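Have a look at these structures, which come just after this line.
Next come two complexes built around chain A: one with chain B, the other with chain C.
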Partner chain A sequence: MRLTAILSMAAKAAFPKDYRYGTSRPWTIAAKRLNPPGKKRRKMFIEPIAYEDWSVFKGDTVEILSGKDKGKQGKVAQVFRHRNWVILDGLNTHFRYIGKTADYRGTYIASEAPLLIRDISLVDPTDRKPTEVEWRFTEEGEKVRVSLRTGRIVPKPVFQRRDGIVPQQWKDGPKDTSPEETLEKTYTPSLKTLEEEVMEKLGIEEPRRNRKTY
Partner chain B sequence: MGVLNALRRGIVRGADRMAEFTSKRGSRTHYKGRGAQPTGVLTSSRKFVPIQAMIPQFVVPDLEGFRLKPYVSYRTPVGTEPAVTPEGLFSEAVAQQIQKDFEEGSFDKEQLEKYGFEPTQEGKLFKLYPKNFI
Partner chain C sequence: MAATSVGRVLTLCRQFQNAFRISTSLAVQQSALTLTKSQSYLDRLTYPLLSSNWHCHVGQCRPLHTTISRRGLEEFFDIPENWGEPTVKSGAPWTAKQLRTKSNEDLHKLWYVLLKEKNMLLTIEQESKRQRIQMPSPERLKKIERSMKRLDTVVKEREDALRLLQTGQERARPGAWRKDIFGRVYWYRFREHALPWYMNKRYKRKRFYTPLFVTPHIRLRLEKHLRAKTRIQNKEREKQTVLQEKFPQMKAQSS
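On to the complex of A and B.
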């Protein structure tokens, strides 16, 4: 019993408390090479930002405040909350070779480096300048981001699915139930189980009972 | 490198003695099933006699006019029905009848069977506890 417990602990300890997250997902080979089990690195100090106070989302337009591409605006491609990182499309890039084989030197591509939240600022949609943003409630009760300089609402970017499906423009296939039929309420509450109801409907009578087992 | 050190690094030596011994392990002469229910009886002459009542049969009602399909459209908004709770089921199925009877004056504490109360599960085909159906 102790051995399986230890093995399950070893499997669960894939993300210990001091696991250093990188840009690769933890189950990939690159991440496993950086974080083999048992490796301890210096503690990474990350500014704690509460879940409700997080202001940057994937698809937002932000401006870089410091670094190589200072002053440029870009769209957020990926957000890492555990390290307060943000990766912008095509900005803050360095170059590397990818797909290198024994005889081929590989393709030279630009790969983006992550930026800290502190070096990023959301852009006001009206005057397209960087602003500080605060979470406030509208009169309807909706939580929105408000730019402190101008007071305009910064709308949340539209969430795009990875498979490219836009739900409102979906055309139903032959095996799809339409929304009206799905949301139809046909349940009549009753104290019978499903099996008893089906038996009643089909007129099946079962007078035999199971023998009592002890 | 001691045992504790190896454990701390996440490497444990030796076979897992607590793993389930399934039919995939053991020699090729080792016969073990995976827990299928029998559908008949083995007689003394080692002949297997299937019993029709033990073979499961699907009872499907007539699906005439049934409009639900296997998949749901992406355009469907998230539903807002509350989850079915015992209290909710009681209040929808039984409470109104009890209230009506109480107001008429014909509510009897000793005769709760007419509202669906079952004092024991004995004699029922589908018992709720211990549950004898899946």
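On to the complex of A and C.
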């Protein structure tokens, strides 16, 4: 048991306390260049937002409130909760060259810069204007985002899984259990341990008893 | 409420799990068994077994395998349809909630099904390492591991409940609070020995008491610990004040 705990500890990625997160994933070369092992940078303060209060999700339509593309609306492509960042599709861009080699100048592309949550506001679906949003409970008990200006519910964007599976269109493979079989209840509570029950079912009789240990 | 939840689950998504389902292609390899396509893995044990793998114990003669699909060493490899595919689709892992509805016998069978699937995937992983190509769909291994972990959790829960009910013991393995030579109190978990402790030379070398020359250092260690704790608390308080002045619209204390 202890060995598995140690192994799981090693499997989880460990970051130092003052690790500076960027837009690249921590295992990429760019992130490793940003955070070499011995670096010490000035401490950065990010506004702590509780998990329950987070209102912006990937796929939402938001409007930019300040910056270069002020007043424009766009779809959220990526969300970075550890730095309160949001990257929109094609907005707040700067230009750079990628794929540069010794003789080739590289491709000139537009890359988006992250925006802080404070400079973003969710858009009301009815009048398509930016609003403040609050989390409230419906009569069914569902937690929804409600815009404070009009009182209308802002629906959550459809979550697309990373593996591209759409649950409604799933067809079981040869090794998958069907939903009916999975939900079938076969458990009857009894005063037998799993070992005793299985031994009964298989007809194993174990008359030997353990030797006394200290 | 239960009906709506079941309906919602069925309509929301078909729950995907990894379990062996007997397909008609295997019927050819079976000796005298007739299979139908709708056969579920649950009914495997009830079939009469005409296997040649009998393993005679003293007084009991029972078969080594109780499965119907007995492909031998081929079970270490995937089904032929998946050979050479860059991705193999697989369903979602079993959740603990689904596993809690299953009987102990079903869980026992499912464990071995998952184990065999895991062995198959590990073989594929090793073979792809040997051939220096990417393993097709490595997330299947993770799903299997998670399913097995959850199964283990469910079995432990049932065992704990039974033990608490019958004996009142909270832990399966006996132990005691003991002091080591450094003066630290810890939960010592008992091991099984063949000899009593007073005859066990190695055990007696362990010393579950603190010698006198160690006692002054216990106080120093405590002071160090308290100093470190206060330091952390002060740092946290400073951080909160700085955050409050930087972000005045911050809602509440985050700790």
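Here is the rule we use: the second predicted complex is superposed on the first by the 172 of 214 C-alpha atoms of A that agree within 3 Å, B and C clash if a C-alpha of one lies under 4 Å from a C-alpha of the other, contacts with A are read in each partner's own complex, and residues count from 1 in each chain.
We adopt the following convention: a residue touches a chain if its C-beta (ideal position, glycine included) is under 8 Å from a C-beta of that chain, and two chains touch if they have at least 3 such contacts.
Predicted, not measured: the structure shown is a model, and the values here were computed from it.
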Exercise. Using the touch definition from the top, say if A:94 reaches chain B (first), chain C (second), both or neither.
Key: neither
Quiz prompt | chain B versus chain C as contact partner of A:170, first or second or both or neither | solution = both
Quiz prompt | Partner chain in contact with A:178 - chain B first, chain C second, else both or neither | solution = both
Exercise. Could you tell me if A:105 is touching chain B, chain C, both of them or neither one (first, second, both, neither)?
Key: neither
Quiz prompt | Touching partner for A:37 - first (chain B), second (chain C), both, neither | solution = first
Practice problem: Considering only touches as defined above, state whether A:213 meets chain B (first), chain C (second), both or neither. | Solution: second
Practice problem: Identify the partner contact of A:25: answer first if only chain B is touched, second if only chain C is, both if each is, neither if none is. | Solution: neither
Practice problem: Based on the superposed arrangement, let me know which partner A:198 touches: chain B (first), chain C (second), both, or neither? | Solution: both
Quiz item: In the superposed view, which residues of chain A touch chain B and also chain C?
Solution: 165, 167-168, 170, 172-179, 181-183, 185, 191, 193, 198, 201-202, 204
Quiz prompt | Contacting residues of chain B [partner chain A, same complex] | solution = 7-12, 14, 16-19, 59, 61, 67-77, 79, 81, 84, 88-89, 92-94, 116, 123, 125-126, 128, 132-133
Exercise. Note which residues of chain A are touching chain C in the complex, please.
Key: 45, 47-48, 50, 53, 163, 165, 167-168, 170, 172-188, 191-194, 197-198, 201-205, 213-214
Quiz item: Which bits of chain A are touching chain B when the two form their complex?
Solution: 1, 3-4, 6-7, 10, 13, 37-38, 165, 167-168, 170, 172-179, 181-183, 185, 189-191, 193, 195-196, 198-199, 201-202, 204, 206, 209-210
Quiz item: For chain C, which residues are in contact with chain A within the complex?
Solution: 6, 9-10, 12-21, 23, 40-42, 45, 60, 62, 66, 79, 89-91, 94, 98, 100-108, 117, 139, 155, 158-159, 162, 165-166, 192-197, 239, 242-243, 246-247, 250-252, 254
